[in-house]
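Structure provided below as C-alpha cells; questions to follow.
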Amino acid sequence: MNSREFIASRIAKELKDGDVVNLGIGMPTMVANYIPEDVHIMLQAENGILGVGPKAAQGEERLDCIDAGGNYVTTVKGACFFDSSFSFCIIRGGHVDITVLGALEVDEEGNVANWMIPGKKVPGMGGAMDLVVGAKKVILAMEHVSKDGTPKILKKCKLPLTAVNVVKTIVTDMAVIEVVPGKGLVLKEIAPGLSVEDVQRATEAHLTILPDLKVIEV
Amino acid sequence: MNSREFIASRIAKELKDGDVVNLGIGMPTMVANYIPEDVHIMLQAENGILGVGPKAAQGEERLDCIDAGGNYVTTVKGACFFDSSFSFCIIRGGHVDITVLGALEVDEEGNVANWMIPGKKVPGMGGAMDLVVGAKKVILAMEHVSKDGTPKILKKCKLPLTAVNVVKTIVTDMAVIEVVPGKGLVLKEIAPGLSVEDVQRATEAHLTILPDLKVIEV
Amino acid sequence: MKSKLTTAQEAVSKVKDGDTLMIGGFLTGGHPENLVCALVNIDSTGNLTIVSNDTGTQELSIYQLVKSGRVKQIFASYIGSNPETGRLLMTGEAKVQLFPQGTLAEKIRAGGAGLGGVLTPVGIGTIVEEGKRKIEINEREYLLEMPLRANVALIKAHKADEAGNLIINGSSRNFNIVMATAADYVIAEVEEYVKEGEIDPNHVNVPGIFVDAIVKVG
Amino acid sequence: MKSKLTTAQEAVSKVKDGDTLMIGGFLTGGHPENLVCALVNIDSTGNLTIVSNDTGTQELSIYQLVKSGRVKQIFASYIGSNPETGRLLMTGEAKVQLFPQGTLAEKIRAGGAGLGGVLTPVGIGTIVEEGKRKIEINEREYLLEMPLRANVALIKAHKADEAGNLIINGSSRNFNIVMATAADYVIAEVEEYVKEGEIDPNHVNVPGIFVDAIVKVG
C-alpha cells in the first residue's frame, strides 16, 4: 500500500452508512475503493449525479454519465441526475455530509488553499469553494509535506485561500489531525513507526497532543 | 355580448402568434375564448404549466392538471410542467410576453392596485406582483368605473399598490387607453356610441386625445 | 439502510411545539392532505408557524389546522381560498405575512440552497417593502429577501422509491420540490412506492437524500 | 408557427461582434461541439465574451475558438482542461474571470430569473471577494453576486420537439438548462427531433419558449 492508498483507506473509515459524500479529483476519488461493504453512501458528483457508481467498463462508456473529473462512470440503484444549479443547492445548502479534497496548504484556523499558485498555475476553483463552505464536514487528503520536504500544515496559509475556517479533519501519510475551533490542531492518530516528534517536525503549526493518541489503522 | 365579454374579446386582439401569455383569474381568463384560430399562443399558469388548454371535460378532470385558479384544465401539444421556483424564473425573468389582470385602481403613472382593500379584503397578492413586474407587457382588464359609478382610472392610486410604473394598456368597457411614460394616459379607442367627453367624465386622470382616435372593434 | 416507509401518524409525531412547518401544494393540487389530517388529529403541538402558498381551501384539513388555535404565524402568498386564514389576519389572532408568490418560492429555495438572500425587483414601491432592506444596483432598486427554512416539511408526490427519490407529475410540483430542500425533516405522502432502481434517474424530481419519511396513501 | 429547425451555420450567424456567448457543457459532457465548430468556421465575429464552466478540453472546437484571438473575455470556474485559456489568463491577452462553480450557476440563473443578485457565503475570505459588495446578515458575511446574461447561448440536448421543448439526459444537463434561460437567443444542438406532442410534458428539461433555433446533428 503506497502513501496515497494509505491516506484514502484511512479516510474511508470516516464515512458512515447513509452519508452523502463528494470526493475530489485524484487521491480523494480513491477513497471509494476502501469503503466497507456494509456502509452504503451516496456519492455526489457536482456536475449533476447523486449515486455515482464504479467506473464504466470498457466499451460501456456513456457521454452522459461522467463524473466531475470527466471520467466515464456508472450509477448505483437509486441514483438521480440534476443540473448544475440544483447540484450546488445540494452542496451549498448543507446537504452533503462529507467532502474530501486535496490541499496545497492548510493552517491551524482551518483555512485551506488548494486552487492556485500565483504566477504558476491557475486551474480555477471549480466546485471546491462551494464544497468546503457548504459540506457539513471537510476532510483534506494530502501528503504531510511537499515534494521538497517543506511543511504544508502551517500556522497561516500563504497561498490564496479556498475558504476560511472550514477544515475539520486532515488525513496525511503521517497523521490524522483534527481542527478544533479555539484550540487549533489536535493530533489524533500517527502512522505506524512514527513518533510524535517526527510528525511535529514535519508540521509548521503547533500540534496539541492528547493522552489517547492512537496509531492509524487502515 | 356583455361588457366582460366585450373587454375580453378586445384584449384578445392584442395577442400575437407565438406570444407567451398569463391570464389572471376571472375576466382575464375569458380572453382565451376570443383568440383567432391562426394565432397560436402559449398560456402560462403560474402554478407550473406552459401550454394550458381548454377546461377539462366532465369526468376527465385530473388533480395534477389545474390552473392558477384551481380549475381543472387540459394541456395543448407541446406543453410542459415545472415547479413554482422555475415558474417564477419564467415570470420575473421577462419570459412572459403579456400578462392580463384585473384591477381595482390604475393611475396615470402606470401604477396599479389589485390585491387588497385595507380593513376589508386581503386575499393576498398571489403571483400578481411578480407578473406585473416581470411580464414584457401588462394589460389591465377592468370595468371603467366601479359599481357605484366612481372612477377607477385615477390621477394617483389610493389603495395599496401591486407595483409602480408597470401598466402598458388598459382595456375597459368604455375605452382602450395606453400608458405612455412621461405623457400619461393616451386614449386610443372608445366604445361604439360613446363620445370622448363620456369617457373623460368617467375618468379621474386626464386623457390625451390623439387625432387618429378609433372606435373599438371586437 | 433503514426503511423510510412509515405511517402518517408516526411521521407527523416529529412535529414539535413551536416548529416551523412547510406544507406543499397549490390550492388542492399537490397538497399532502393525509399528512395534514394526521397532524390535525395529534393535538399536542402548538405555537406553529406555517409556510404554505395559500393555506389550501375550506375542504382540506389545513383549514381545520389553521382554525385549531395551534398556529401562531403564517407565511403565504394567497389566502383568499381559506377564509379562516383571512379571519386570523383580520383579528390578529395569528401573524399572517404575505409575500409575492415568486418571492415566497425564492425565499424557500434560498433556504435550501445555502444562500444568504436574493434581490428581487418585485414588491418595490408597495407595502411588501416594509421592514426590508433595499439595495440599489445599476440605478434600479431591489428588495433583499431572506431565506426561509423549516423544521418539518409535509409534501406530496406520486411515486417514491426505497431511496426516497420522488416523482411529482403535472401541476402538482409547485412548492413541493423547493420545500423538500429547505426543511430539517421531510415527510412525503406518496401514491405509489417502488423498489430502489425502479425510477429512471432522469425522471427524479426530488433526490432521495432530501426525504426522511415516506407515507404511502390510497 | 415558424419552424425552429435550422443549420449550425445559419444559427451561429446570429452571433455579432462584441457579443456575450454562453456555452453549455461540463468538460466534454453536454457540450455543443457542432455549434462551436460552426462558430469557429465563421471568422467574422470578434471581441467575444465567453461564459462557460470550463472552456472545454483540448479536443473540442472551443479550444480553437479560445485560441483564435476573437475572445476578449472569459467567465469560468475551472480552466485546467483548456491550456489555451490558462495561457490567455497568464499573458493577459484576454480577461479571464474565475468564479466558484455554484456561484457561476447561480449568477446565470439570476440573469434568467430576473433577480438583481444573490448572496452567497462562498468566496468570503478569498480573492473572489475582490471588487464585490459584502453584505452582513445575522452576523454572517455574504458576497453579493450579480446576474449574468448573454446575447446568445449555445446548448446541447438529446431531444427536441417542434415547440423547442428539450430533454437533456444524465450528467449532460449541467449548465445547459440555466443558460437557456439567460440569453436573448438560444441555439440547441440536438440528437433527435420529434413532432410536437411526442415529449411527455413531465419530462421537459427546457421549455420550448426559451429555445429559438434547433440544429439536428449526427
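Note that the chains take the letters A, B, C and D in the order they are written out, and that residue 1 is the start of every chain.
One rule holds in what follows: contacts are C-beta pairs under 8 Å (C-beta built on N, C-alpha and C of every residue); 3 or more make two chains touch, one makes a residue touch a chain.
Keep in mind the model is a prediction, meaning the values are calculated, not measured.
Note on connectivity: the fewest steps through touching chains from chain A to chain B is 2.
Simply put, of B-C and A-C, more C-beta pairs touch at B-C. With centres defined as mean CA coordinates, chain D is found 29 Å away from chain A. Work out the mean CA point of chain B and of chain D, and you get 35 Å between them.
The set of chain C residues touching two or more other chains comprises 106, 109, 113-115, 120-121, 169-170, 201-202. Residues of chain A in contact with at least two other chains: 81-82, 88, 91-92, 133-134.
Contact between chains, using the touch rule, shows up for A-C, A-D, B-C, B-D, C-D.
Of all residues in chain B, only 45-49, 62-68, 70, 81-85, 87-88, 91-92, 111, 122-130, 133-134, 160-165 touch chain C in the complex they form.
Touching chain A in their complex are the following residues of chain C: 1-2, 109, 111-115, 161-163, 165, 181, 196-197, 199, 201-202, 204, 207-210.
On the chain D side of its complex with chain C, the touching residues are 106, 110, 113-121, 135, 137, 140, 142, 144, 146, 169-170, 201-203. Residue ranges of chain C in contact with chain B, taken from their complex: 26-30, 53-54, 57, 76-81, 86, 89-90, 98, 100-103, 105-106, 108-109, 120-128, 158, 168-178, 205. For chain A in complex with chain C, the residues that touch the partner chain are 17-18, 20, 40, 42, 50-51, 75, 77-82, 88-95, 133-134.
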